[in-house]
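I'd like to ask you about the structure that follows.
Per-chain numbering from 1; labels A, B, C and D assigned in written order.
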């Protein structure tokens, strides 16, 4: 039995979904860890793009922000942000996008804008950022999000980012060129859209997680795939690589920054 | 009496119209000579932009093409062409534009597209290039063009570039933000638009040129300004500077280019 | 272009009620200039910025802003901007009007502004609620294919304020590293103020480098460390620990106001601001 | 990305009837690739290029083109492109359809193509005859101000061919100096072939340099001197004298055909083309 945490399971599971040489639009947090874990294990030639404009970046430590200097220093090159969104993302030059959110619904639509009413929210969230157009244009997207009935909801408070809309081929009829969410990686395992209804259903579990746990964590009646597989445990090499990356990151971020002297 | 040629008169007259520190969109040929003469005499801080994207360029010799390496090497910086046309020209960041053409009419409209019918021209000319939008967006433009009844015509075969349209405030009613042609510099002297009709009329003559010569060279009944001035002759300093520039240019262009060896 | 002090530049060029874009994406955020806006108690500003970041949290919390145009308002890698949230959720210290976009939409709006076009076009805002929340996200029909695309109104700030690595004495400004939409925000503005790490005789040679030409620049201010706690590539790193500390500082109104009093209102300029943190750290 | 010979790259990726953009503005014009198109007797090409220059004069005179999208068709600083004129004025050697723009319009069309938008917008084609001659110049109304602006359909060449200074072994291509609309033409294309002066282990460090990333590049061809008689900044200068000589070569059909026979059709590749000129010069 592995000692991997659920965060580590999520990160490893996400990393494994990335093919070598694929072009990946990376978000901060778990997606950044997953993409760099893939790069440091089975996908050395993966191309990582952070929305700050760093193309082909190979950070030695994980960035705290999406625009840390480390990303620019280790990038093949850096482009202005209009280029990222027009010439790379909208132009269909990105294979994989990673998304997070505060809420997700059964069709993979996301909310990262408000809890409550838009005009008078109970919680104001950060907002869209790159997500709506990443979701529209990347060939496929992965959503990484821990599951609670407050995050996996029957009805979004606000739809920031379209997944499969109302399902049943809704997305294919929209102007979005990308394929939409291929998987949701959450802390009990993986969900994937049903082939015809587009509804997310449970397809795989992490070690120690159960279908019952999954059902309780999800705020809609969760569909279960015909076959629910067990995600193979993180290997020693995966875990060692990931933990070394996090250790390097902690060490780097613990270095005091010298205040610039006027 | 000066020994200046008519080309030199034109170049010197054009150079004198350029204020120091103005931002000037330069065309090849006489305009390029005039702009650089201004830079080398009274306007050391003039900003020269060639449409190839070289900003603040200070060539030691005149380029043959609008994109010679000399222009890039001596530029403050070089931008892609979309930037030149969108962020500089269309954005109103250019003070002065220089234009040439095959034909001009009495309202300063220009033809550089075809002689004859567009679909079956007797002479196919190079076409618009940057001219239509230079004419639309530069704060003011100067036209440099030698006068014959075939070039100064009553009716253009094709309007490539709008000057004052049909005159009488036509331009002010268009979407063009720039002020239009401030002067036409030709080989007998200068024309400028009438304050209310916008029709070009003779305002100044070079030494040795006469109103009669001007009238014969122009294919419409040329209006004459109330006061026609004499353009002061090129100074020795202006002529020396211009001739030295041309001599450097001839010498540079006479250098054989070494074929690149594979 | 005019070389001047930061306080003079802000006083001369930023009026109450102005639309102001302090751009820079994570990198080169003009903190020093933002603090000077607060010191001079500017009011009713329409703040524009893709990623509001801490400096807008400060401006909003200090009541300088009436409106915010933005596309992502969080503390990067940390969490919420508590002052922004307080303004939206509880109208404290005043109501804040939101003009909310996605990054792609806002980038298109800056590009349109820089090109002096009235609108930008993107294939975006597809099948989501953003155009219901913001009436300034509309559609335009392609005259060739009939496809309906998203249109956003151009952003043309009254004043854009940037921080950059270097300017020369003529006022040409060079920046490198992550640039975000800084160049477009600069070219889109009516006035452009740039704080720089250093003013040099000649910019480093870079034929295709990113340069803002002197005649587009209204004022240059020499302000070393002007992006701190953000960073200036080649000069100093981002103080990630400060961004993490900000979460606790800004969470409560009182700790926030006390911190602003000590470190911004009671410091005369950016050098004093930095010194106040240095003393604290020591 | 695939490293291959020029003849293989052209044979594999350029089909008769294709739309092909050989871009480069005065600088980095892919002459070697253009000559290879002629050697392989490609037909019915839709040629796209802001400034057709000598290489398109050659392609048109050799009957390779059915259509030309362009904005300025002259011999820069010299005069006419005689083969282009002969095609338009006398349909020799065949009729040439024109899709004519201004520089600003064509740049907008390339930018739209690179962004995979169906049209580009500009404040242009004002009060002139260009939109009467070209039905593909239309108008679009701003959904905010009601202003009518010019719209041009996106340019998305089947193949864009560029010349650049360097590629690395992964196929990343770096160029510097005057770039014109080369980058947009590259990003707009379905396939991208790039000839380079040299293939290197690592591109020169340039954080904000102009790079075409390997996954956008279809084929890289090492082809020293591939831009001659145009130039490659840092490698060799523009042969202005050749541009002047071209006027006499291309003025008559017979001298043109004889020159093409000797220097292009009877040379096996670009090295042989350069050698043929060298012998002539000696």
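Just so it is clear, a contact is a pair of C-beta atoms (placed from the backbone, for glycine too) under 8 Å apart; a residue touches a chain by one contact, two chains touch by 3 or more.
Quick caveat, the model's predicted, so the values are computed rather than measured.
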| item | value |
| --- | --- |
| Those chains which touch chain C and also touch chain B | D |
| Farthest chain relative to chain B (centres taken as mean CA coordinates) | A |
| A-D or A-C - the one linked by more C-beta pairs in contact | A-C |
| Intercentroid distance (Cα basis), chain D paired with chain A, Å | 41 |
| Computed distance of Cα centres, chain D from chain B, in Å | 27 |
| Multi-chain contact residues (two or more partners), chain D | 111, 116-117, 122-123, 147, 177, 179, 184, 206-210, 233 |
| Sites on chain B at which at least two other chains make contact | 72-73, 78, 86, 90 |
| Graph class of chain-chain contacts, one of line, ring, star, complete, other | other |
| In contact (per the touch rule at the top): chain pairs | A-C, A-D, B-C, B-D, C-D |
| Touch list for chain B against partner chain C, complex | 21, 23, 45, 47, 55-56, 72-73, 75-79, 86-87, 90-93 |
| Residue ranges of chain D in contact with chain A within the complex | 111, 114-117, 170, 172, 184, 187, 203, 206-209, 211, 213, 215-216 |
| Interfacial residue positions of chain C with respect to chain A in the complex | 25-27, 50-51, 70-74, 76-78, 80-81, 84-85, 88-89, 100-104, 107-108, 110-111, 122-130, 133, 147-149, 177-181, 183-184, 210, 223-225, 228-229, 231-233, 235-244, 270-271, 274, 277-278, 281 |
| Chain A to chain C touching residues, read off their complex | 28-29, 51-54, 63-69, 71-73, 78, 80-82, 85-86, 89-90, 109, 113, 118, 121-124, 126-133, 136-137, 158-162, 165, 170-171, 174-177, 253, 256-262 |
| Chain C-touching residues of chain D, taken from the complex the two chains share | 116-119, 121-123, 136, 138-145, 147, 149, 151, 153, 176-177, 179, 206-210, 233 |
